[in-house]
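Next come two complexes, and both contain chain A; in the first it sits with chain B, in the second with chain C.
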Partner chain A sequence: MARPPGQFRQGWHRLCRNRSGLLGLSLVAFVVLVALIGPEFAPYTPNDQSAMLSFTAKGAPTWAHLFGTDRNGYDVLTRVIYGAPTALAVGLGAMLVASVIGILVGGIAGYLGGTADELLMRFTEFFLVIPVFIMILAVVRLFSIVVVGTPLERLPFLNLATIIVLLGLFGWPPIARLARAEFLRLKNMDFVEAARCIGAQPRDILFRHILPNALPSLVVVIALGIGGAILSESMISFLGFGDPKAISWGQLLYFNYEVLRVSPWAVLAPGGAIFITVLGFNLLADGLSDAFNPRLKQ
Partner chain B sequence: MTDVPPLLNVRNLKVHFFTQAGVAPAVDGIDFRVNPRETLGLVGESGSGKTMASLAVLRLVPPPARIVSGSIEFQNRDLLTLDEAALRDLRGKHVAMIFQNPAYSLNPIFTIGDQLTEILRWHEPVSRTAARDRAADLLRLVGIADPLQRLRQFPHELSGGMKQRICIARALLCNPALILADEPTTNLDVTIQAQILDLLAELRDRLRMAMLLVSHDMGVVARMAHRITVVYAGRTCETGDARTIFHTPQHPYTRALLESTPRIDHDYEHATRPTLRTIGGRIPNLATPPTGCRFHPRCAEATEECAQLRPVPFEVAPGHSVSCLKRGSPGVAA
Partner chain C sequence: MVGILRYLIRRLLFSMLLVLGVSAIIFFLLNAIGNPVDVLMADNPGITDQALAAVKAYYHLDAPVWQRYLIWLGHVAQLDFGTSISTNLPVGGMLLTFGAETLKLQIPAILLALLMAIAFAAVAAVRQYSRTDFGVMSAALFGHSLPGFLLGVLLILIFAYWLGIFPSYGAYSTRNPLMGSYVIDGAWHMVLPLTMLTVFNTATLTLLLRANLVDVLRQDFIMAARASGLPERRVVFHHALRNAIIPVLTYLGILFGLMLATAPVTESVFTWPGAGALYLSAIQALDYPLIMGETMVVTVMLVGFTLLTDLAYVLIDPRIRLD
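Entry: the complex of A and B
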């Protein structure tokens, strides 16, 4: 496309006038910025445990360690900064997987209708009733055992990738349901009929005419899902099922919750980071929803 | 007129809705014919099956409706036997459609230029700039000033009349032999209606196209059509040239329809009948259509046999056929 479509530009303008949406956007932008350039400015390297040697582990915030140090002697600020790219990778990666599956399943169900719709939606509901969290914990643990002794073992961040894919595999049903509803609504619109009348192929109808019109609604659930995926990954890491090599906020909580009363900063900082990020994505989703579907609000 | 081979010949077309409540014969034996460079007005009330009949020409009747039988011949090809690829080639290139509601028939997220060039690039191997030039030419043809500016705009930036002009331009892009216009002016202001009708008439004559004009509005049809086919509840009532239909209508339904159309040359205040005549009753529920002639429950002339026998088209004069037992149509049991 040569230039941004009008509907999106209008939505953008409406988002800029929406206070909470703008706050969400700023928070998300801040997290993205930290993830991109933060590591350059981090005061220490993420695996520096020298505080252990000088007996300053669990140390309160000082000018040398702005957020203090944790029980392993890590600089909390550095670890929190390095947690940002992990969190974003999880959120975006999981939602990418979920969006592809969700839009495909929901889109096909909505467009074809009839038996295909019925089957695909029952399949979606089946995924909705699975206790996702327990499932992910079980699969992550099983997979990390299975993988031992195979070449896969040497892949970097294999565990994290597994979590991302699993969050995606279990996170698509809400997207599929919305995609179905949108495709169902749009496939009977006159302009889709008009496209058919001028000899458009089903591929063009689906991807050129229906999907872009469904995107404004889908973007909202996807943004909401990013926050949810980040929160889920934190919980998984907090329970000790995360990737030991990936620095994640949940993992920081896991390492330090036992010393909560001794060094609260080591827990509050990653907790605050999770809070800011998830709040940012939720507010952004809310703002996007108001920006793209302004009539829903009344 | 009759010795010219027709461009489009629809015979005994049946489109049925297969719903859970049963089969509803929305179109149950419609015949019409469009000759080259001629405009046929397809007239009927809402729900008479006229839109379904026009969609059937493009083989685009939406599910749960299906074309059950009949034949649709276009340029001596039977459209009902074509495969999907051949149909895609036909749609837009040889037969184009203009919709009722211009506000909804343009994709809101693409510019006018994108939507117009899209069709050309599907049907003909043209470059982007050539397609753009042709689109601009067409916009000029449909009476749009500053076409290059319009090509960059989105549908919501344009007025209803402007959008309908663009829809007409889109229909004309590939020089189709036949235009299907489904109530092209129903959703427009009366003043814009007149402009659009004038434009359509002018373009039709200039580009030598045939047109199937679907409308419930006798005024619109009177202005545009050379010949008229009147349909009621999924069946053809009467076919003839426009003059005959308006001056000597034969079928009771056509007569009733004309009498219930307000006329500017009629003095209602001092007439013996100061109010406009209406047709009593309502259009039948097509899930349970009346037996025999479908119009008989509302027909003033109906007799016993009208409820029993289905009238078959009968030529009362050359080029003027009527389906009514009272006008000499033979009846078949059904």
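Entry: the complex of A and C
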């Protein structure tokens, strides 16, 4: 017996017919590909500073260094490639944290309604007015000082992990709001009623019946959030509060911005990488929202 | 009228609660990471006992953290943000001076962007799915995804380094102002950062406005307006725009509310002496009173503009019920 196509398959078909959505998907796929196999093809090792010794640091693009070299003597192309996994780790990590909190808070608020809903949504409102970006800057800076001399200091990429967790901890309110609206809409649908009638546990109703049906809408905000988190991390690093040990696009900007006039390629290359990634996720989110909610666009 | 007043009072009370809550969260978070003295000690191991005692007395560090929060809050309620550790100046005065430099860029950038977005969105929405629409929307989506700092970098490279028309940093020349006037000189320095902010705001506002306009233009009262023989220009700008701009108010409120919070990036790119740059130096110097003061001002602005937005909704759109 042939099953009718599910909402994800239908959405996929509509996405394939959406030109800007497809462009977004290809850009994101490209970045993922670079992150996964790029390091195999990188022309140099990421910590190769030999250009420094041959006095070719800050060198213009040549065949040997396609994107030039930066002020520390690194090959810019290599560093940009190695920045891709970092960027994706930041985007996915932050949104993983944000989705878990957001779906729990919003889902429970929407499903229970009443006082619980009121309380949880007021709680969400508190988080919406926290000036997240400048808060994260302060917390990252203070944390990096306090941690000196404690066992935590020896953890690799501690600073980067802090940034990821903070972006997630402060990035969940939009997800919670949407999750609440979706759970509110779905909880009185017939299939939920049916599940309740056969005696399904509330936990199963929430996560096995309602959540999969709320996912299409949530995926759109999450895709937008991934791009947003990547941009935030690069701006935090650009301002000098990033992880000095991590290879990220923001770090490249931070180290090279002062010599913009001498070696603009070392700023433009990582800047372009950030742009492509953010544009990719924005277009993808746009296409997904058209694909999953076709009635909105006619 | 009584309804509006009651709504206003309830919203004001909740907003104050929000500000209190956020300030408490931030205060406890900053103090949970490390109290000011520990952090100062870690950063300046050579600090003298005398200086340490003075700092301890200043922060009431013998008191528990919630008491310190209440003391700080009491001072803030009297608009006393304390004295900056790094400059020894009153925090309130510093925020005013530096904040003014930020607002000088941000307010014109938002207003200019709104005007341009209205024009672009109207052109695109009237000819939905035409080439013009596609062009405007692609440009807007492009501009919306272009990270602000990258646009700033491109502007500096082209107009400051290669063409040499505009200065690449600062708000004023240190000597020899342009044409002997500090007003012209200041305006000259504003061009590039203002362009960067305006382009970004315009792109996002155009995306929002066009989507709303397309929706509104499909509604019956627009057909009625057209059928009554009104000129198209009047239908679009008078009847449709009024309804389409209402949902955009929320975003405008956020833009205004976040004027200081988004400043650090702009002001690092252009070495602009504003509140964002001040905040960054406060973090570098671990200047607790300054960090707390600025986060507080940013939060109040954000909450205040959200409140204003909600009020504007009620005043503009009679369909909204107060409950």
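As a working rule, the second predicted complex is superposed on the first by the 292 of 298 C-alpha atoms of A that agree within 3 Å, B and C clash if a C-alpha of one lies under 4 Å from a C-alpha of the other, contacts with A are read in each partner's own complex, and residues count from 1 in each chain.
Keep in mind that, in the parts below, contacts are C-beta pairs under 8 Å (C-beta built on N, C-alpha and C of every residue); 3 or more make two chains touch, one makes a residue touch a chain.
All figures in this text were calculated on a predicted structure; none of them were measured in a lab.
When the shared chain is aligned, chain C comes close enough to touch A:148, but chain B does not.
Using the contact criterion defined above for the overlaid structures, shared-chain residue A:195 touches chain B, although it does not reach chain C. If you count the residues of chain A touched by chain B and by chain C, you find the higher number for C. In the superposition on chain A, contact of A:126 is made with chain C only, not with chain B. By the touch criterion defined above, A:46 lies against neither chain B nor chain C after alignment on the C-alpha atoms of chain A.
With both structures placed on the common chain, the touch criterion links A:61 to neither chain B nor chain C. Contacts of A:239 after superposition on the shared chain: chain C is touched, whereas chain B is not. Against chain B, the residues of chain A that register as touching in their complex are 1, 5-8, 113-114, 188-191, 193-201, 204, 208-209, 212-213.
By the touch rule above, chain C contacts chain A in their complex via residues 18, 21-22, 25-26, 29-30, 33-34, 38-39, 42-43, 141-142, 144-147, 149-150, 153, 156-157, 161, 258, 261-262, 264-265, 268-269, 279-280, 283-284, 286, 291, 294-295, 298-299, 302-303, 306.
Of all residues in chain A, those touching chain C in their complex are 20, 125-126, 129-131, 133-135, 137-139, 141-143, 145-146, 148, 227, 231, 234-235, 238-241, 253, 257, 260-261, 264, 267-268, 271-272, 274-275, 278-279, 282-283, 286. The residues of chain B lying in touch with chain A in their complex are 58, 60, 62-63, 87-93, 96-97, 99-101, 104-111, 114, 118-119, 122-123, 154, 156-157, 167, 170.
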